[in-house]
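My questions all concern the structure below.
Residue numbering begins at 1 within each chain, and the chains themselves are lettered A, B, C and D in the order written.
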Amino acid sequence: MDPKEYDLPHDFLHWEGDAAEDHSGPFFYRLTDDGIETTFRIQPHHCNSGQTVHGGVLMMFADYSLCVAAIAGTNESCLTLSCNNEFVDKAVAGERILGRCELIRRTGSLAFVRVQLMVEQRIILTSSGVIKRIQLAKATSD
Amino acid sequence: MDPKEYDLPHDFLHWEGDAAEDHSGPFFYRLTDDGIETTFRIQPHHCNSGQTVHGGVLMMFADYSLCVAAIAGTNESCLTLSCNNEFVDKAVAGERILGRCELIRRTGSLAFVRVQLMVEQRIILTSSGVIKRIQLAKATSD
Amino acid sequence: MDPKEYDLPHDFLHWEGDAAEDHSGPFFYRLTDDGIETTFRIQPHHCNSGQTVHGGVLMMFADYSLCVAAIAGTNESCLTLSCNNEFVDKAVAGERILGRCELIRRTGSLAFVRVQLMVEQRIILTSSGVIKRIQLAKATSD
Amino acid sequence: MDPKEYDLPHDFLHWEGDAAEDHSGPFFYRLTDDGIETTFRIQPHHCNSGQTVHGGVLMMFADYSLCVAAIAGTNESCLTLSCNNEFVDKAVAGERILGRCELIRRTGSLAFVRVQLMVEQRIILTSSGVIKRIQLAKATSD
């Protein structure tokens, strides 16, 4: 998956191996000095009967964003425990969604994360989650 | 869209005209004496890299279920304001998700709804939402 | 604390040792064949400027209810990770709130719980939470 | 209610007429150039049996903070529709909670708001809500 095919900045990366995210997305991420950002381009198959981006697609992308933020650039795996979403505004096909992720806290076993989905300066969705960290060689528990 | 193609009970119905739900689903619903039920069959393209159903797909289906419950068999439209989700258990490709919807309350402008997603007797996700009702000929507001 | 002082059924029990719950409550619980129930009587100091029960008091009581349900009659301790609330209807001083708790699932380390707060047949608040179990002699982790 | 009695900065204000907030608080707020801030001093009667601030007290204060942010310095009234909370860290009696509020968006009928509760640089709770605006002379609806 290449971000340029979707007219997205070329330094965004793609996470390989998640069939659902590729089918319903595709979604991209990058690590910046200001934290982790995620993005996707709204296409007609992301839209509901009102021709705006489907809330379910936004929540799926929010979940993706929360997990990318939770693992914070490592190769850990993770599991979402809770995900809360407020639908602030609409967006339409052709617009680019940018996710601004915040890693609130990581304990030994959990991550607390938030994301705001934006189209330029417009906030589209706010989301927060509690994520369970799954470390490959788990030595400690919180 | 025909529920039989997905080995689902033939009395489930399909809502026409939502490209996102057809692309990421398809999802189905029916009105029973016990309330509204929703369903879909988990396919490989609904799964994450761990080969279990993606949390984002479950939230998208939960949002679909909440909206079907909110309009309660009418031809109203609606808008999700908030959607909260707890990820209780895993499910895998081939399993059938059943959504048991509860219409908690409808006011003039809002609906409060909940849904439990099940695989047989196993609860997979709990979700709740506040939904804004959009009536075609809006005469009153709450 | 005696439930009869608040005109509550005499078989409700009081949890000793939580200063905040006694100050902002008091709250009571009982184990029934249908699951765990919680209750309190709305008093003037539970009400907002509109003379209805304050949403914060309802959330505090919901959190109490979720934790009572999570430990399920044991003497475990617990910690709320997330708590989501929808404010469905109003209630006034003198009315009795009944919490109908549901233990959705307990894993080795977590509990998934829901509660509906009712005044007779009227639903006042729906709440759901993810709770971390804290076992006194912790032998396993999930 | 005087913030100085609780060793809080003297420019914080008190909202008169809410019995529940005075009983379970008291809570204070101020409008700054960076947005709305709220505060309270944790006292023994705010604490649970573990001698840390009770999650229910934090949610009640979060709800207060969300509503103060939602009305944004006006004399509007408001009603919380949904309030979601993640419990990030502990705090103890004597510590001062500061709420950093964000007004995400106001429409004609709704406000989308978030708050982070902090003790110095430590995040204690994240909360978000959808609030219904109640205007005294309501001319338009969203």
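The rule we apply is simple: a residue touches a chain if its C-beta (ideal position, glycine included) is under 8 Å from a C-beta of that chain, and two chains touch if they have at least 3 such contacts.
Values in this document were obtained by computation on a predicted structure and should not be read as measured data.
On a Cα centroid basis, the chain most remote from chain D in this structure is B. Two copies of one sequence, chain C and chain D, touch each other mainly through matching residues, since over half of the numbers at the interface are common to both. Here the CA centre of chain A is 28 Å from the CA centre of chain D.
Separation between the centroids of chain C and chain D, computed from CA atoms only, is 22 Å. Separating the CA-averaged centres of chain A and chain C is a span of 33 Å. For chain B, the set of residues that touch two or more other chains comprises 81-82, 84, 86, 130. Chain A meets chain D in the complex at residues 82, 84, 86, 88-89, 104-105, 112, 114, 116, 123, 126, 128-130.
Those residues of chain B lying in contact with chain A across their complex are 17-21, 23-24, 44-50, 53-57, 59-64, 77, 79-87. Across the complex, chain B meets chain D through its residues 81-82, 84, 109-110, 130, 141.
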